[in-house]
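The structure follows.
As written, the chain order gives the labels A, B, C and D, with residue 1 at the start of each chain.
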Amino acid sequence: MTEFTPPDPAWETKVRDSFERQGFMRYLHARLTRVEPGLVEIELPFRAELAQQHGYFHAGATSSIADTAGGYAGYSLFPPNSSVLTVEFKINLIAPAKGERLRALAYVLKPGRTLAICDLKVFAASGEREVLCATGLQTLICLNAKADD
Amino acid sequence: MTEFTPPDPAWETKVRDSFERQGFMRYLHARLTRVEPGLVEIELPFRAELAQQHGYFHAGATSSIADTAGGYAGYSLFPPNSSVLTVEFKINLIAPAKGERLRALAYVLKPGRTLAICDLKVFAASGEREVLCATGLQTLICLNAKADD
Amino acid sequence: MTEFTPPDPAWETKVRDSFERQGFMRYLHARLTRVEPGLVEIELPFRAELAQQHGYFHAGATSSIADTAGGYAGYSLFPPNSSVLTVEFKINLIAPAKGERLRALAYVLKPGRTLAICDLKVFAASGEREVLCATGLQTLICLNAKADD
Amino acid sequence: MTEFTPPDPAWETKVRDSFERQGFMRYLHARLTRVEPGLVEIELPFRAELAQQHGYFHAGATSSIADTAGGYAGYSLFPPNSSVLTVEFKINLIAPAKGERLRALAYVLKPGRTLAICDLKVFAASGEREVLCATGLQTLICLNAKADD
């Protein structure tokens, strides 16, 4: 799943720089923990500020890191001087998002000149134990001649 | 779209109480601005803490209030002593989420004993002007004999 | 929902001609019953050949006419010398698709130069009575300089 | 992905029998080519009757076998005296569905007492060559005390 060759030699730097500019990811205390061509991982430690009414991670928090991981997985394969937008995503919340942290792992299923399709997975982790808590699919669009910053 | 008769006479109180217990909605500064049988509206004022890399609302913030509004729209029609979980949702981000605030409006398309299906819309607003920036569909499940708190 | 001005003066002819070329719609006995700018309706009479194991319309038949109606709703707004592809769709099957016929109604929620987003609805009808049996969202892509035939 | 133990000893027979009762699958000439606990494969040979306007498999045909494969993957894990309904599915059409046949492969990502979530993949094949042409996610519901026939 990481056998892609990014057309932009600066692929890793541009992903990391763009992530740093996301006020929302910083506000959630989300961390970029893995950046490969077409694959991005984001971790989110639990805090009460991220909870829904039962004290677990809110589906919105789960979705936010899944969407962001997918966006950057796609962006890593986009050409220089382009930016990325999420067209749509769908996510199934298949187990309670409860634990010490969430780990979103997204990879590009299908790269393309205009669109990219990503697989999204989110795991709820406590210590060494991880449970798949969400799975999704995402469509991204590449905006050419429109640098990300 | 609001001609439903909630089976729980405490429908409004239970929705408002549950919303108050969501640490995530409070952390985002989201406000419950409308609660009717099968219809819920949530507003979210813009702050840099909610932005993606271009300075607009992050798709995760948009999705978070859409999912929450849908969840409570469904929950308003659930019987006493039950709680609500999002099974899945899909959202299309159709215009830049830029403006002074977002307004998520969700209503139940199809209530049911076990599942409820909601329509989700999010508008980006500045002054009097509003633009539809996201549209989605959501599936909820009703957990019986399991009060929400 | 039909206030669009198609950029292609031949919008109606091209939609009808393309529909006629779909072997699958003919095989299902589906009929194009309404073509407006950004809105298309398709009807499908019940036959045992379209049924699932309980004798109702198969979800695949429901989805097929919903997808096709959406595709042509978008295509009606595309420029000359272009064609349309479905990027993705999501559909919720909210009531049994049982009756004498299905009626799929699709309209463009958001037209665009590259993508169009459609709302999909399918009704199960018997005599004068209609029940909403499916609701969906669809993303289309416009392929320029690539005529449909 | 096939390490499930079906609670119904008749799981294989009931899947095959139910598939045989689907008029629509027969009408499409679809064949059940693999049935395992939580995993089902369906093949569909190309015919002009299954084509869209460009002569490839119609997205509706692709979706129909994907939905059916997922439904039976879930059904194989359901208890005796129950039946299955598709709640919703989402599918991304990521490459042209062109070739001699389609092969839909679905497996259960998450079984459950009430709901099951499936991963859907469709491959377009010609001779030995296969291309992933569609990927999807599906939510199923188990109807208890309601045998399938």
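Quick note on the criterion: a contact is a pair of C-beta atoms (placed from the backbone, for glycine too) under 8 Å apart; a residue touches a chain by one contact, two chains touch by 3 or more.
Because the structure is predicted, anything quoted here is derived from the model rather than measured.
Chains that touch both subunit A and subunit B: C, D. Comparing chain pairs B-D and C-D by the number of C-beta pairs in contact, the larger count belongs to C-D. Averaging C-alpha coordinates per chain and comparing to subunit C, the farthest chain turns out to be A.
Subunit B and subunit C have centres, each the mean of its CA atoms, that are 29 Å apart. Mean C-alpha positions place subunit B and subunit D at a centre distance of 32 Å. One inter-chain figure worth recording: subunit C and subunit D are separated by 22 Å, centre to centre, where each centre is the mean of the chain's CA atoms.
Touching two or more other chains at once are residues 87-88, 90, 92, 137, 139 of subunit B. Subunit D makes touch with subunit C in their complex at residues 18-19, 21-27, 47-54, 58-61, 63-65, 67-68, 71, 83, 85-93, 148-149. Remark: subunit A residues 90, 92, 94-95, 109-110, 117, 119, 132, 135-137, 139 touch subunit D in the complex. Of all residues in subunit A, only 87-88, 90, 114-115, 137, 139, 141 touch subunit C in the complex they form.
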